[in-house]
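The first chain written gets the first letter, and so on, giving A, B, C and D; residue counts start at 1 in each chain.
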Amino acid sequence: MSERGPSRPRPQLVRAEGEGLGIDRELLVRMHELMVKARVLEERLIQMYKAGHGYFWIGGPGEEAFNVPLGLLMKRGQGPAYDYLHGHYRQSATLLALGEEPVGALRQMKNTATDPYSAGRNFAGHFTKRAWNIAPITSPIEVQYAIAPGTAMAQKRFGGDGITIVTGGDAGTAEGDFASCLVWSSRPGQELPILIIVTNNHWGISTAAATQQGAKSLADRGKAFGMRTASVDGNDVVGSYLALKEAFGYVRSERKPFLMEAMVSRLYGHSSASGANPVPGEVDCIATFEEQLEKGGILNRAAMVQVRERWTKEIGEAARRVRDEPMPAPESIWNNIYKERS
Amino acid sequence: MANMAQAVRMALHYAEENLGVTDVFGEDVGPPLGGVFTATQGLKTAWNSPLDERGIIGVAMGLAMAGQRPVAEIQFCDYIYNTIDLLKIAGNTCWCTNGDWNLPMVVKTPVGSGIRGSIYHSHSFDATATHIPGWKIVMPSTPLDAYGLMLSACQDDNPVLFLEPKALLRIKGDEPIPGEPADERALSKMIDAPLGDRSAWKPDWPALEPYFVPIGKARLVREGTTLSVVSYGRMLPLCVRAAAALAETGIRAEVIDLRSLWPYDWEAIRDSVEKTGKVLFVNEDTEVTNFGEHLLRRTVEELFYRLLAPPRLLAGKFVPGIGLADPLEAASVPQLSDITEAIRSLAAEQA
Amino acid sequence: MSERGPSRPRPQLVRAEGEGLGIDRELLVRMHELMVKARVLEERLIQMYKAGHGYFWIGGPGEEAFNVPLGLLMKRGQGPAYDYLHGHYRQSATLLALGEEPVGALRQMKNTATDPYSAGRNFAGHFTKRAWNIAPITSPIEVQYAIAPGTAMAQKRFGGDGITIVTGGDAGTAEGDFASCLVWSSRPGQELPILIIVTNNHWGISTAAATQQGAKSLADRGKAFGMRTASVDGNDVVGSYLALKEAFGYVRSERKPFLMEAMVSRLYGHSSASGANPVPGEVDCIATFEEQLEKGGILNRAAMVQVRERWTKEIGEAARRVRDEPMPAPESIWNNIYKERS
Amino acid sequence: MANMAQAVRMALHYAEENLGVTDVFGEDVGPPLGGVFTATQGLKTAWNSPLDERGIIGVAMGLAMAGQRPVAEIQFCDYIYNTIDLLKIAGNTCWCTNGDWNLPMVVKTPVGSGIRGSIYHSHSFDATATHIPGWKIVMPSTPLDAYGLMLSACQDDNPVLFLEPKALLRIKGDEPIPGEPADERALSKMIDAPLGDRSAWKPDWPALEPYFVPIGKARLVREGTTLSVVSYGRMLPLCVRAAAALAETGIRAEVIDLRSLWPYDWEAIRDSVEKTGKVLFVNEDTEVTNFGEHLLRRTVEELFYRLLAPPRLLAGKFVPGIGLADPLEAASVPQLSDITEAIRSLAAEQA
């Protein structure tokens, strides 16, 4: 996976081996870098919103420890031989882990004509990238769960080891589409190679999951369908990586569904509509991970601070560039309603 | 003066106390938030539902069947489109059972553009809704009408759809809600939830009085003789502004606020068009198979020989969404300048 | 429950006690009578369809052993103190068990103005009866599962022991509404008094359940929600009665949801669209029950034949009366679009 | 001659073999039934889905994203109303992603009344569908057009909605499908599944030829000068019959079969109305916020000063359902006599 993303100066390693973390030191460093990069990007997006350089923010700070490994484990490319991602609006870390440039997110925030995902049409965090099988992220909750079995079906037919991944939040599992996904993924003899993920931050906007969800574990909902399931601490990057690796391996080789619930944080609350301020009491997966890295002798504080500073600078510069980019033209509303044959 | 969100909230409070409303519910409708537009803060029967629009409409129907009077909210009408079958059933239940069952329920949902809501917080729902039989459909353009229409909706024994022009929810009215305190800061202190921890907060409701705007009755907002402008919701104040500005140029546009989309006040439209001979219908839904086209068709059908110029429709462009960037929204939805121009050109037209 | 329905001459009992059947002999006889009555009614409806006295037939022959006990166990009346039924289009036996006159079904079949359920508007089998809390049966599959929690919620609030019952077919559980019902019925601390039933005949029109349903048991889908569940042989009237009795008791007293799957037969296939002819190989619950009754010495053949003949005659006469009843008037389409205040 | 169900089946077979169609699926679409109207019998890519319309539309979208070319069926359009949000997404995906993704998928569904289908097998879907941007929408009235439109639908790189007038599915055409055998009993033997056990049956497809009816192109079915009648689907043959009958009385009605509802052939309508000065739009959907009202609005907008009489719409009554009893259906949906009368009265009208 090291060919992904532009090559950059590597932070210095304190020791040759991470101790007790269970995975390769280089990967740990790489994941740390991506998590920080994603966090810095989201914080910049929030800043842009607060400075009036964007109208709405929603994103994924608090999900990096889960979403980075997810992106790293994906097989990137176009078509059924590669993995499809049907994500939701907290997916930035996955995109960055796949190698996406952060500037696109800034452009979408600023709704410029250069926004690579929607040309100024859609909200921040609504990625799409057909070249990498990234399905368009849409605002309506849970619809991706009704769509995802379609790409998985094509992959089952195609053979190979490409799989489909679908993600969404906990509250959204109350929509029937979540159940549709379970039904369509587990038809007898036609089981689909699909990794069904729920990132559980225990909230839907202002509504606590505990008041609405009778299911003790959302992963249990797969059991009636004979599906493999797991519930993981999505704030633990190592644990998430290992659990995802196992799930990816199972789905890739067995061509059968797997339902995974990941407990995550919502560090800045729901969205800019709820203020986009730090929420006290939520576990910060980067802080936790950095303690581990330091304790394990993988990276020292200075190196980690340096990573953050580097991304802050780089993404900050990108944001300044974006500031002067043009708005889309009024008549562009008529573009791309249909694809016409070339 | 109260804004529209406060007016809705006061109406629901009045309805809980006096009209038998038992449930005000939907996503984030109950404490602590009280609705994404604050329209349900502090209501004693407000509660949060699972994130499931089909469940919300279904449960409202079930509650109505069991003698309750629910007001269900769909957080944005953009998210109502997976429930159209249930809305159709709510609308056809009385007819299908030949009157055995009726469903006294209100569905409220914010509609329209104007808050930079991008693709999924800008939808209009009037075209889709008016094609569903068996509902009554209302859409206020002022806080007072919101209050009066909500009271009528809550009192009705049939499903009523209450469309809230979201860009107007925070706009204050010109006329007081009967019972609201004269000082609007006093009102806010009484009924707006505080920032921060709200767990101990309770509203202090003013002594509200009944005020019913009958469903099916339009409001003549501005008299005129040159032409008629028929609109509702967020477009209405823009029409009024355009008409006011054009008055200086000698164009005297009559402006009608339809307020009820179904049943609608045909007499009000007819009388006006018979007087002016010209009519412009304005709404912000996309313009293909649009409710304004129905009004225009009926005008042609019944008043063709009274027309001095072709009746006109000004509506949203038929594009798949309303883009976030300002130039996109402005190009997609009628703006003040578009309305002004449409009135001016219709006024100038000679048959 | 003996006060329900007009009183009729009782068939003669061969012995004082049913042996080994586990429930009271009088109840057995009553259930047999109702099952036969329902079967005769459905067979008459099919005959009417075939004779051109109706355009479409759909109904419940093959579900009598489950649907009769269901109706007998319901608390009949109007309002939240009584039981609500959100049924589907195979519910005739339940209605008859509740005491409904069969002539209404004949009228609906013939779409006469006198049709008590829809005044000639709706298909056969689409009952409604507000006076008994019978929610209107609608053609769209599964929507009743989204609606039913609403009446149950009113009952939870009301107190008392009234409950809500919702039923539908197996294939329909693939719709998201089935999941919505599970979610809304099991909200923590707000569990609803609802008996959620699936009558599993292993088919959806021409599609075998085994090709589409990954769930080994549909009842298992309740488990993730912490719901009590059961799977019963719906062709066994005694077993169904006992299982339903227990489930009713639980829901009535605990005010919590119960999910029950009942295996049933589809004796005449899906509907008149598939011919409405007897399907070979399906278990006939009446035949089985009659063997039991005979063996157990509860009723002899002659008595059972007599029951069938009596209902055949009575329902046949009703059908002949209905034949000459008027069609609804064209202008009646405008009636009852709205309820207006009186 | 083939009937429309056979024509659809042959088109899908042709599309499987030549246009890359990979999936024809939906409830009861695969063996043994091959669709409730037999339109998908014997197709090599046909398969049965779970009973879940949202899953059907969603999976079609997913398949289309992954390079497949699905044709999804909703068994009756009456059951499509819980998927409107997904249809909207299918229609806006290309636009929302500024062209990054496109969805080559067809959704076919039977529509309309005429088979005594009562409330839930009689719905029309043209009004609702034409209000959803980003789709192409077609609706044939003959087997040959069904064949040609289905081929165009399957070849398109965008979502196409194929509305099947269910009352016409069993009606034979006047023109042969290119490649069908001259003897229709021979055709039936080749491609209709036998009664009883079908497990060993395989169709013997005729050597079908390509025939594309371009989307957006109307058909002038009958020339005339007195007035224009614009219709589609099940109403079209009734309009033709009415026009033919009235020809004897000297009324020469021009009849246009729109065939494509979106995009539609405005030039065909315009040319005709410019010639006749009078137009009647006919469809069977309910008449409030109806697609015919859009056509009428555009006519008024662009051709007002060419009109010799008010343009008219004849459509279904705005009632919650189509009742089962014959008098109810006849009172709800335009009948031959209603169309005849509407043509006659419009012909007689003098501006």
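Observations on the structure shown:
Keep in mind that, in the parts below, a contact is a pair of C-beta atoms (placed from the backbone, for glycine too) under 8 Å apart; a residue touches a chain by one contact, two chains touch by 3 or more.
Given the structure is predicted, the values throughout are model-derived calculations rather than measurements.
Looking at A-B and B-C, the interface holding more C-beta pairs in contact is that of B-C. Of all the chains, the one whose CA centre sits at the greatest distance from that of chain B is C.
Inter-chain spacing, taken between the CA centroids of chain B and chain D, is 34 Å. Put simply, the C-alpha centre of chain A and that of chain D have 42 angstrom between them. Contact with two or more other chains is made by residues 118-119, 121-122, 138, 140, 174-177, 180, 183, 187, 211-213, 337 of chain A.
Among all residues of chain B, those that touch two or more other chains are 50, 52, 54-55, 79, 82, 85-86, 94-96, 119, 133-134, 319-321. By the touch criterion stated above, chain A contacts chain B in their complex at residues 55-56, 111-113, 118-123, 138-142, 171-172, 174-176, 204-207, 211-213, 273, 327-334, 337. For chain D in complex with chain C, the touching residues are 27-28, 32-33, 36, 48-55, 78-79, 82, 116, 118-121, 317, 319-321, 323-328, 330-332.
Partner chain A is touched in their complex by these residues of chain D: 50, 52, 54-55, 57-68, 70, 85-86, 89, 93-102, 133-134, 136, 157-158.
Residue ranges of chain C in contact with chain B, taken from their complex: 79-80, 84, 86, 115, 117-119, 121-122, 126, 128-130, 135-136, 138, 140, 143, 145-155, 157, 164, 176-177, 180, 183-184, 187, 335-341. Chain A meets chain C in the complex at residues 174-180, 182-183, 185-189, 191, 210-217, 220-221, 223-227.
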